[in-house]
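The structure is given below, and queries will be raised subsequently.
Read from first to last, the chains carry the letters A, B, C and D; within each, the first residue is number 1.
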């Protein structure tokens, strides 16, 4: 009996010795990771439709459930024909909910009737976390400074291309936003990063922001630490419209 | 004369002193950047349509102009009904052109008739620069390992969510790819990075790859340096179809 | 006299007008940032000496104030001749304090009498946040696997060069460590990063870790979120010595 | 006998079956990487001494072998007592060699006799790749703007701490520099990154530069692409001294 077992063990040892001489082979299963199972999401029928895990911020009819004006009152903008339009002088509108990292789908339309030029034509903006502006502007055949045109992170990153549709046509922004994380002293540990597709074309590729958007001067390095914040749409005095607004928290 | 000038200089000095005491103010124009002008691109009519600066890799009819089989011969896959379908056993197809950084739009459909399970159901793949696989798989109600399912960077990054449509339905991938840059010794100076939207939903957010896709074992750290390379579609034996393939060099 | 001044003012006005037509000029003061004042630190006399803002973890005499064994008991290692030496079988020693981001200075010495080879010679380790090992090993004329030698982030990043001193000589590690930040699901939002200078020579340049150090297999992707943790020195059975240990919280 | 062996084999099979149901185990050797062997470097005797793979740029005696003035003529600075000192009005000195990524060790001393204040006291600078300045300034008990003091990347990144020694004392900078890589359009694909230890204390931790150092205005986004470039030491009119200058190409 002992001999048989000994023989077996010797054979086994031989295998081990061979294994040490040849490189050890891995197997496909060793690099499979099964858990936890990835969550299931049902996509929208079309790219404009919200996926099942999205929060619909504006469905074309109801603005008041999700938005207020800056002071918390009812938003003063006009809801009509399935879209919401800036009403000059009523100020920004702002989501009641607050967000950190997210994917945002939003569609916008500059007025069909062209009025003004450069920054004066079809100007509005989408402020991510209330502080970081993705510029909305009618830049179809309308030049302005490159770091302030449609698809720019205003005064920080010009768009890769100018892919504006004509005035009066609906355009889409698909925005992927990662919120900043902060050091104790109020500087960024990691800055906000943003990817933007305008009308399906990449205009910002994971760019890093230096600070909140500034109209004058360079972005502040020392800002107050902030947690989750809302989405703000700008009243720049031009009747820009928005529709199909949904957001997915990441 | 001297006195007047002296007075002027003293006044001027006073201004300078004041300037030191109050913070110096910048003006909005100081942070405008006008040149060079951003290039204009005309977007497609719908997200499926190629923008004006894209190369159409497959228009639904002509496969041979842009694709070959692995050995350079004519591609063996089937073109029919506006799409191209894997023909089992004919091997991969590969673009004639080569690319570095790009945005790729591609639509795919797993067979309506469900056959097999886990990795055996509707399996194909899109290799970026011939080396880095975005998995194509029918994961609708079909579990597999998380780092090998549809929307994964195969065996490196599971998708953020499983946003698969039903078998037989067309699905989209919008892929933003940044090619690696190399050190002298063949390691990455910067690794490849990939963002993927599947059916309009973010499934990969600027993830970094560790090396070429490996079925067995961990990705190699020492690979041969590579420059621009093609797009490869995988023949995994299942009749997966593709259509509306366009690419923009970044 | 008046004429002179008038001329001067006209010239000055002309400059202003030109300035408005040409791009607006900034002034040096506009990009000076004065506040808050940078904190003052007094450096050590020599690189081995702790700067004024450092915590001295071991001064050559007192081990018990700052260190325990793994179970919280008194550390079992030997303090003698201004250094502390691994006592085989007594297990690791660990700081009572815990840390996040830090700069760590530590000196180590492998035994003058060479015993063993490869991983068996002068083996110990410094675990950053108890989880991430900077390898300590006598690699002077002693080959081992590149991702396991002195100056490596064990099994993750080989050192850039092998800059080991001879057995029995004191060597220094200056380690700059940034702790990971976590996503909700226990994956890294940002991975740990490490820079190491060994004997004044760069051996790790801001490398990113994939997970806690693993002797077997690939680093885990799903680990428990962790906050601040201690520094651990490894008992690998070899009488490696340490001295001049100080740390600065970043 | 047979029964025993059968029992053994059955037990063994059971283990295999269990192994298939449980996760497949890897072995330690599977994650060892042996080739290529890491290069051996002999460290200097002290941190001031050059390691074996370094280029000595100044040994205390010979300046002309490695340095010129800006116009290529002999450098006009004073070599005396083992160090080289700025000679006011002779302009910068610049290395004949050019570099990309590197580790630089350099020691500097501001005049023992204190003259001037803020930027006027012991001012010089070390330009990495001729474009990116690490400030040299006597900031011992001498306040200036935080982004312009000793250890700053001038006007871009203030130092983490002010760890200046007294006037007349030698101080060290250990600088780890990664050169930018460029996009086709002259913007950075990856920006320059810099880590600095001053007197052994971390003052810059892998910070990214936005462009070449600018005294006035914000760094340019569109600069000419550049390859390897020299090290430049600044003549700011103050008799700052330098010694023990060595560099290692990374």
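The rule is simple: contacts are C-beta pairs under 8 Å (C-beta built on N, C-alpha and C of every residue); 3 or more make two chains touch, one makes a residue touch a chain.
Computed from a predicted structure; not experimentally measured.
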Legend entry - Interface with more contacting C-beta pairs, comparing A-D to A-C: A-D
Inset, instruction - Please decide if copies chain B and chain C contact each other with the same set of residue positions, more than half shared, or with different positions, and reply same or different. - result: same
Inset, instruction - Using mean C-alpha positions as chain centres, tell me how far chain C is from chain D in Å, no decimals. - result: 16
Legend entry - Distance from chain C to chain A - Cα centre to Cα centre, in angstrom: 35
Legend entry - Where chain C touches two or more other chains at once, by residue number: 26-27, 30-31, 33, 36, 217-218
Inset, instruction - Would you mind writing out the residues of chain A in touch with chain B in their complex? - result: 25-28, 30-44, 47, 51, 53, 103, 105, 143, 145-149, 155, 158-163, 165, 174, 176, 178, 193, 195, 197-202, 205-206, 214-218, 248, 250
Legend entry - chain C-facing residues of chain A, complex: 30-31, 33, 36, 181, 185, 189-190, 217-218, 221-222
Inset, instruction - Mind listing the chain B positions that touch chain C in their complex? - result: 1, 4-5, 8, 19-20, 24, 26-27, 29-30, 218
